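Going by the order they are written in, the chains are A, B, C, D, E, F, G and H; count residues from 1 in each one.
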Amino acid sequence: MEKEKIIKLLADVKAKRISVNDAFEKLRHLPYEDLGFAKIDHHRLMRTGLPEVVFCQGKTLEQVITIFKSLSKKNKTVLLTRADEKIFKNIRKINRKVIYNPLARTISLEAKRAEKKGLVAVVCAGTADIPVAEEAAVTASVFGSRVEKVYDVGVAGIHRLLDCFDRIAASRCIIVIAGMDGVLPSVIGGLSRCPIIAVPTSVGYGANFNGIAPLLTMLNSCAPNVSVVNINNGFGAGYIASIINRMST
Amino acid sequence: MEKEKIIKLLADVKAKRISVNDAFEKLRHLPYEDLGFAKIDHHRLMRTGLPEVVFCQGKTLEQVITIFKSLSKKNKTVLLTRADEKIFKNIRKINRKVIYNPLARTISLEAKRAEKKGLVAVVCAGTADIPVAEEAAVTASVFGSRVEKVYDVGVAGIHRLLDCFDRIAASRCIIVIAGMDGVLPSVIGGLSRCPIIAVPTSVGYGANFNGIAPLLTMLNSCAPNVSVVNINNGFGAGYIASIINRMST
Amino acid sequence: MEKEKIIKLLADVKAKRISVNDAFEKLRHLPYEDLGFAKIDHHRLMRTGLPEVVFCQGKTLEQVITIFKSLSKKNKTVLLTRADEKIFKNIRKINRKVIYNPLARTISLEAKRAEKKGLVAVVCAGTADIPVAEEAAVTASVFGSRVEKVYDVGVAGIHRLLDCFDRIAASRCIIVIAGMDGVLPSVIGGLSRCPIIAVPTSVGYGANFNGIAPLLTMLNSCAPNVSVVNINNGFGAGYIASIINRMST
Amino acid sequence: MEKEKIIKLLADVKAKRISVNDAFEKLRHLPYEDLGFAKIDHHRLMRTGLPEVVFCQGKTLEQVITIFKSLSKKNKTVLLTRADEKIFKNIRKINRKVIYNPLARTISLEAKRAEKKGLVAVVCAGTADIPVAEEAAVTASVFGSRVEKVYDVGVAGIHRLLDCFDRIAASRCIIVIAGMDGVLPSVIGGLSRCPIIAVPTSVGYGANFNGIAPLLTMLNSCAPNVSVVNINNGFGAGYIASIINRMST
Amino acid sequence: MEKEKIIKLLADVKAKRISVNDAFEKLRHLPYEDLGFAKIDHHRLMRTGLPEVVFCQGKTLEQVITIFKSLSKKNKTVLLTRADEKIFKNIRKINRKVIYNPLARTISLEAKRAEKKGLVAVVCAGTADIPVAEEAAVTASVFGSRVEKVYDVGVAGIHRLLDCFDRIAASRCIIVIAGMDGVLPSVIGGLSRCPIIAVPTSVGYGANFNGIAPLLTMLNSCAPNVSVVNINNGFGAGYIASIINRMST
Amino acid sequence: MEKEKIIKLLADVKAKRISVNDAFEKLRHLPYEDLGFAKIDHHRLMRTGLPEVVFCQGKTLEQVITIFKSLSKKNKTVLLTRADEKIFKNIRKINRKVIYNPLARTISLEAKRAEKKGLVAVVCAGTADIPVAEEAAVTASVFGSRVEKVYDVGVAGIHRLLDCFDRIAASRCIIVIAGMDGVLPSVIGGLSRCPIIAVPTSVGYGANFNGIAPLLTMLNSCAPNVSVVNINNGFGAGYIASIINRMST
Amino acid sequence: MEKEKIIKLLADVKAKRISVNDAFEKLRHLPYEDLGFAKIDHHRLMRTGLPEVVFCQGKTLEQVITIFKSLSKKNKTVLLTRADEKIFKNIRKINRKVIYNPLARTISLEAKRAEKKGLVAVVCAGTADIPVAEEAAVTASVFGSRVEKVYDVGVAGIHRLLDCFDRIAASRCIIVIAGMDGVLPSVIGGLSRCPIIAVPTSVGYGANFNGIAPLLTMLNSCAPNVSVVNINNGFGAGYIASIINRMST
Amino acid sequence: MEKEKIIKLLADVKAKRISVNDAFEKLRHLPYEDLGFAKIDHHRLMRTGLPEVVFCQGKTLEQVITIFKSLSKKNKTVLLTRADEKIFKNIRKINRKVIYNPLARTISLEAKRAEKKGLVAVVCAGTADIPVAEEAAVTASVFGSRVEKVYDVGVAGIHRLLDCFDRIAASRCIIVIAGMDGVLPSVIGGLSRCPIIAVPTSVGYGANFNGIAPLLTMLNSCAPNVSVVNINNGFGAGYIASIINRMST
C-alpha cells in the first residue's frame, strides 16, 4: 500500500535497527486508535492530506464526544457534520473554540490563522437548499478554500443567475446544489470551464422522490464537466472541491 | 353526457316523432362503427372537435388498413402515428394523397387548402430528439396550427437557445422536447408566458432509464407553466398544443 | 433574451442617453431584489404576465415574511402556497387584507375588484383530494379565472360524474384531480374538447406508492388532451389553466 | 392435507388390508409422474377439479412434447399456453384433434361434446390487447364456461362501452383487460355487481413501463370488486373466472 | 348504462306519463345525494347489490359523520373502514347499534337477524397480519358470509397449515393474507379448488418495501387460482369473497 | 414430510398399538400449541435443531408475553428479537434470568452452562451498524457459537481491517455488516476461505434508499463466497452462521 | 493481510537470507500473472482453497482462451461459466479433457479421480429453472461435493416436493432455485435444518421483473436459514454450498 | 453571460465603432453554426477551453459526417464518441489523420505534437469494463493528459490492486471504473489523496440492473473524495479528469 514505508521498514529490519516483531507491530499499530465502537484513523491526515471527519448521524452522543476527544488531541482541524445543537453544547464543554453553524449543522475546530486560498463557488437553486449549501461551504472553508456563496438563482428566473455569474467565473471548482428538477448544474456547467460538483437535494415533493429526480437530472447532464455526489451530501462536495482547489494553489 | 341531445331525443319521443325503440337504438348506435377487432369512434369529431387518430403500433397491417378505410370515408383529415414504411406503402394504394413523414413516422391525409393558424413552437434539445419533435410538429400542423421548429438548442450551449428565442416568442403554446437530463422545458418555461408542453424522450443511456430521468425533471420543473406528457409522446403534445392554439384564434 | 430591450438599451447607449456602465448595471440589476437568502424576481410579472408565487414549504417563517414584504410592495396580487396557519397569523400582521384558505393552505392578496373571466373547472375524484383541488381553485381564481368546482365524482359511481358534466362543459380548461387509481382524467378527457390538466394526488395506500400509481395512469392516458403536473401540484395546475383560460378571453 | 384419504389409508393399514410399506408408497407415489426434467401432477384434476396446464415458454420443444404425451394419456382436456406455431405443428403429429389459436398462442384438446355453461365476459380496451383477451377466452372456454367477447371499448370513447354493456350484464364474472392507463376495470367495476378479474397488459410505451402503469391502476381501483392477476396473464384470469362461473351453475 | 330503465323512462315519456324535463331530471338526480364535499351513491345498492362503504382515512371527522348520517338513513347495513376510536365515539352518539372492531378498525351497522351464509375462510400467515385479516373478516361477515378464521399458519412451520386445512376445505372463497415473503397464497392455492383472494400486507422490514415483496410474490403465484388486491386491502378481499360466496348460495 | 415418523406411526397402527383416530390426532396435534392469535411451533427444535424465535415487532405486548410463557415452558433457550425495553421489563417479571441487550434489542434466556463452540466473526463497517451487528452476535452466541466482534473497519481506512484480520482468520463463518456503500463483504470475501453472510443495513442517507444500495452491492459481490440476507437482518445472519459453525464442530 | 507470511519474510530479511528488494518484489509479484487485459489470481487457491473461476460473459474469445491457458498450466481444476458452444470448441482444441455442459453453459477440467464428498442438494421449482440449477450442480461437483438433483417440485403441487424430501434430508447444504413467485426456499427452509442457499431466476413474465419478484421473496423469507445470491447466480450458490459442505467432511 | 464582452460591445456602440443592429447581430450570431438538425457550438472552445465533442449514438451517418466537417474546419482537435466502424470508414474519407479505437469506439483527430501533461490514472475492476476505460483514457489523452492504465484489479483479489498502486500514486485525478458491485472506487478512494471520478458500468447481470447497483455503491461511497458520472460514461470521466489535471500543470 505504501511502498516507501514498507521498503524502509524492511531495510531497518535488515540492518537490525528494529526487531521483526516490532516491525510487524509497527505495520499494524501505527495508523489508528481503537475506541472499541470506533477506530480513529489518525493516519488519514498523512495518507490523504486531510483529517478524518466525523459524521454524527447514527452515533450516540457519547460516541461523538469520545471520538472528538481523540481527534482533537492529534489534529488542529476537526470537522463534525450532521451535528445538532445538543452535540454542540457538549462538545463546547470540551473545547471552547469550536464553532457551530446551525444551518449547516456543522461543528468545526480550526487552527487560528489558517489562510483561505483559491476560490470555490457554492451556488444553490432555492432558499430551501441553503442547509446543504452551507455544509458544503463550511467544509470547503475548513479545508482551506476561499468560498463565494451565491444562493437562490434557480433557472425559473435565469437572469438572476447570469447577473451573479462574474462572482463565480474565477472559481477553480463550482459546487452546484439543487432540489426539485435539479437543472442548475447543467446550465452552469455549459457556461463554465472548471469542474462542477453537483449535489442533488431532497427539496421538493411528489415525483421528486426525496431527491431522486434531481439526482437523475444531474447524472444525465449534457454538460460534460459535471460529476455528482449523493443526495444532500454537502460535505462530500465541499471536500472534493477543496482538494481540486488546492491542486492549483 | 350530452344533455341537449338527450333532452332533444326525449322531446322527439314525447312528440311521437320517433318511437321508443328507435330512440334507444339512436342513443346506442350513432356514435361508432364496429369492425369486430376495433370500434371506430366517428362521433369523436363532433364531441371533441378533432377526428380520431390511429396509433399503429401493436396493430396488424390488416387492422390498420381496415381502420383507415373506415376513417377516410367519413373524415377529410386522418392521421396515423407510429407508422412504418410498409404501412405507408399499403395505405398509399388506397389513397394517393396521403403523406408520409419517415422521421415522424406519421401518415397524414389533409383537406387541400386547410389554412394553418396561430403559432405553435416545437423546440428540441438534441439531434436525436428530432423524431419525437417531428411527430409533434406534424400533429399540430395536421390539426390546423402554424408550426415553428427550433432544433438542437440544449442548454449545454445556452446562447443557441437565446438566439432563437425571438422566433418562438409569439407562440401560443411551446412544445419542448428533451431526453438526457431534460432541463430545457424548465429554462424555456422560465422565459415564456404561454403554456409549455414538455415531452421527455428516451434519448440517453445509463441513468436516463429510457426517459425516466427527463420525465422526472419535467414533472418537478420549477417553472409553473410546464405540464408533461408521456415519454416520446410527440403526438399528444402536438394535439394539446393544437387545441390550446385554436382557443385564441 | 429580450431582444427589444437590449436593442433599445444599445440605442440609448449609442445616443449617449445613458453611459456604458449605467447600461450594464441596468442590464444586471433591474430584474430582482436580493434578500441574501432569496432573490425576488420582480421582473416576472413583466416577463410572464403573472407575479412570482411563494412556495412556503422548506422556508423559515422569517424568510417567508421578508419575501412577502418585498413582493407586496411591488405587486397588487400575491400568492403564498403550502402555508400553514402560523404563517398566516404572521402575514396578517403585515397586511390585513390577506385571505387564508386552510384547506388549500394558501394565503392570497388580491386587488379589490379583479373581475374573474372565462371558465376553469376543477374536478376531483374523492373527498380526500379536496385540499389539492382547493389549491388549484384558489390559484386559478387569484390569477383571474372564474372557477367551477365539482368534487367527489370518481368513476366508481360514474353517474355522479355524468350528472355534473353540463356544469363543466363550457370550460376552457379542466383541472382533474385524483389519487388512488387516477382514472378520472381519462374518462373526462374522452368526453371533452378542451385541454385537461391532470393532477395525481398522494391519496391512497399500498401500491398507490404516494401518488405514483395515479401519476402513471395519467401519463399513459388514452385521452390525447391530457397533460400532467407533479403529484399534489394543485398550484401548477391552477396556474397553467389560468394562462390557457386567459388566452381566449 | 387430505384428511379423509389419510384416515382411510390408516384404517386400511389397521385392518391389514394393506401393508405398512405399501401404504407409505401409496402416500408418496400416487400423485404424479416423474419425467426427470418435469413432474406431471396427474393428481391435480382430483385435487382442484381442473387438469394441469402447460406453460410452454422456457421449455424446450422436446420437453413440451413429452409433457403433452403424458398429460393427454390421462386427461380428456389439455391446455398448452404461450405456444408458438412450431410447437403446434409437432403436437398435432401426436394428436390430430388439438386446436391452435394463433392470437391466443394456445393449443387445446377438448372432450367432444363438453357443453359450455354460465357466462364469462372477456372485455378489452384496445385492439393490441386482443392476444391476452383471446388467451383468457380460450382458457375459460376450455374449462367449461360460455364466453362473451367485447373488444376495443376503452374509455376514450365511453359510449362504445356503454353500448355493449347489456351483452355482459348477465356475466357471473367479467375479465377486463387493458394496457396503457388501465382504467377500464375501474369503470366496469363501478357498473357491475359480479367479480371483476383485471388483467394489465404490456401494451403501451414510455411511462407504461411494460405494464406497470395499468397494473398499479388496477391494484388501486376504487371499485371494490376488482382483483388483479399478473401482467399479460390471460390464462390466470380465464382460469379464475371459470371456477367462479362454475360455482353458481 | 341501464337499458331497461332508460327504455322504461322513454316509454313513460312517450305515453306522456312524465314530462320531458322531469324525465331528464330523473335520469340525473335519482342516484345520489350531494353533500358538497361528497356525493353519496345511494344507488349503489341497486346497481351492485351491496351498499356503499366509507373509507374514513383522509376524511375529516365532520365529513365522516355527515356521510354516515346520510347512509344510515337509507341503508340497514353500513360499513366504515380505517376508522379510529375517535370516529367510533362520535358515530356511536348518532346510532347506538354500531359495533367497533378495534383490530380491524371497522365500524359496522347491521340489520339484526342477517343470517350468514356459505363459507369464506380468512387465513393469515403471521400474528402481525391479523389487523388486515380482521378487516377482511368483518367485511365478509357484514355482507352476509359465514367466516372461518385461521391465523398464524405461515409456511415456516407448514404442519400448522396442514393441520387446519380441513377447517377451510369447504370454503367457497379463501382470503389469504401475508406480509414478509408472501408465500402462503401459493401454497394454499396449490391445495385448493376455490378462488383465492391474496392480500399482501406491509408487515416486514428491509427488502419487504412496505408490502411490495409479498405483492410481487402473489402476482407471480404459480397457483393459477390466485388473484390479488392492494397491499393491506382487507376490505376489498372481504368484499370480493362475499360476492363470490353469494353466487353459489 | 418426516418419513420415519409416518412409517413408525403406520406400523403402530398396524400393530394396533394405537387407534386410527389417535394416530391421526397425533399426526395433527403434536407439533404446535394454538394460542389463537399465534401457533407456537414447539416441534421446530426437533425438526431444525434450534428453538423458535420471537420477532416482537408488530406484536402487542400481551401477545409477546403469552408466546414467551408458552416457549419458556418447553425450551431452555429462548430468543426474542426487535424487543424494546418495555417488553423486557414485562418479560423479566415472568423469568428473572432473561438478559436484555439494548443495542441488539434482544431478550435471551439460556441454559446455564451452554459452552460456546467453533468461531463466528461479526464484522461491521461503521459505528452506526453496531445494533445490527449486536443482534447477529447475540443470536450466534445464544445458538452456541463462540463469537469474535470486529467493529468500525470500513474500507475508507483499509489498514484498520487488515490489522484485525488475524482475529477473524480462524472463523468458520464471517458475518459482515455494512450500510452506506456496502463494500466490506466484497473485500473480506476476497481475503477469506469460509462462507460470508452479508447483512446490508439501512445506515446512510440519500441514494442509500434505506439499505437498497448496500443490498445491491452485496448481491453483486465479485467474491463468490458471499450470500446475503435481508436489510438489517442481524438475527438471520447469526442464525445461519450458527448452523454453519455447528456443522464442523 | 497474511500475518505469518509477512513475519516469515521479515525474519528472512533480518537473517539476510533474502535482500530487501527481493523481499519487496516477493510481496508484490507472487500472487498473480498479468495478461494485460486480465490479472490471473494464481494465489487464490492458496488463499481461499479453491481455484479462480472464469466468468466468460463480457470477455472476448481471445481473452477467454488466454486466461484458460494460464489457469490450466497451474491448476488441475478449472471452471468456466457462462460459456457458449463456440468457446467450448476453441477450448477443447487446447485441452481435450474439458467437459461441456450445454444446459449449465459450463466448461470444466477436473483432476481424474477427484472423489466427491458430503452431500449438496440442488432443488429447482420449474423446468425452466434447470439451466441455473445445472450451473449450481456442476460448480458444486467440480469443487468436490456429491450432488443430488431434484427438479420441478414447485409448491403448486406440494406433494411432489414432500415425496422427494428424503432424498435431500441428509444434505449439508441445500441450493433452492426458483423463478416466478420464488416461494420454494421458504417452504424447504421451514422443513430443513441445514443452510439454504436461495437462487432467484429470471424465469417468469410481467410483474416478475426479470427475477426481482423471487429475489424479494427470498430476501424476506420467514425461514431463518435462508440466504440469497444474485439472480441466476447458480455458480455462486454451488461455490458457497461446496465450502459449507467441505467444512464438515 | 460574459461581462467583459458585453461591456466592450456597449463601449463600441457608444463610440459608434459599430452600429446598433450590427452589435445585436454580433451578440447573437457569433457563437455557433446552424446545420438545421444541429447547431455547432464553435464558441465552446473559447468558453470552456475544450472543443465540442460529438456523441454519435442516435445521430444518422449523414448528420455525423456534416458535423465532423463543420468542426474539423475550425478545430485542430476533434473527438467523436460512441462511433462504430462504419462511421470511422466514412470519416476517414474526409480526413486521413483520424484515429479509431475500436474498444473505446472513439474517433479522434489531434494536432500533431500535442504534448501530454500531468497524470490521469484509469483503473478498472474487470476485463469487461475495458471498453468504458478505453473511452475515458482516449478522452483524457485527446484533451492533453498523460494517462496510466491499470486494468482488472477488482477487490476479489485485492493484492493485485495494491501491487499496482505505486503506478497511480502520482496521479492528479484517478478514474475508477467498475460494474458488478462497484466497490473499487471506495477502496481506491480510501487510499488516495486526489479526486476520484467513479464510473459505474452496466457489466453484470441480475440485481446489477444494468449498472444501477454499482451506481448506487459509488454514490454512497464512504470515501469522501469520490464523485460519480453516468453509467458507462467514460467520456465524461475522461473530460473531467482532464480539466482537473490541467489545473495544476
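Just so we're on the same page, a residue touches a chain if its C-beta (ideal position, glycine included) is under 8 Å from a C-beta of that chain, and two chains touch if they have at least 3 such contacts.
Every value quoted in this text rests on a predicted model; they were computed, and no experiment measured them.
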Item checked: Lowest number of touching-chain links that must be crossed from chain A to chain E -> 2
Next item on the list: Please flag the chain sitting at the greatest distance from chain E, going by CA centroids.
Entry: H
Check: So which pair out of F-G, A-H or D-G basically repeats E-F, with more than half the contacts the same?
Finding: D-G
Next item on the list: Could you see whether D-G or B-C has the larger number of C-beta contact pairs?
Entry: B-C
Item checked: Centroid distance [mean C-alpha coordinates] between chain F and chain C, Å -> 54
Item checked: For chain C paired with chain H, centre-to-centre distance based on mean C-alpha positions, whole Å -> 41
Note to self: For chain C versus chain D, what separation do you get between their C-alpha means, in angstrom?
What the structure shows: 49
Checklist line | Multi-partner residues of chain F (each touching 2 or more other chains) | finding: 1, 3, 126, 156-158, 162, 191, 206-208, 212, 215, 219-220, 224, 230
Checklist line | Touch list for chain B against partner chain C, complex | finding: 1, 3, 47-50, 53, 162, 165-166, 172, 191-195, 197, 215, 219-220, 224-231, 235-237, 239-240, 243-244, 247-248
Checklist line | Contact footprint of chain D on chain C as seen in their complex | finding: 125-126, 154-158, 180-183, 186-187, 189-191, 204, 206-209, 212-214, 216-224
Next item on the list: Report the residues of chain B in contact with chain D in the complex, numbered from low to high.
Entry: 1, 28-29, 31-32, 36-39, 41, 43-44, 57-59, 63, 200, 202, 211-212, 215, 230-233
Next item on the list: Under the touch definition given earlier, write down the residues of chain G that touch chain D in their complex.
Entry: 126-128, 130, 151-153, 156-160, 162-163, 203, 205-208
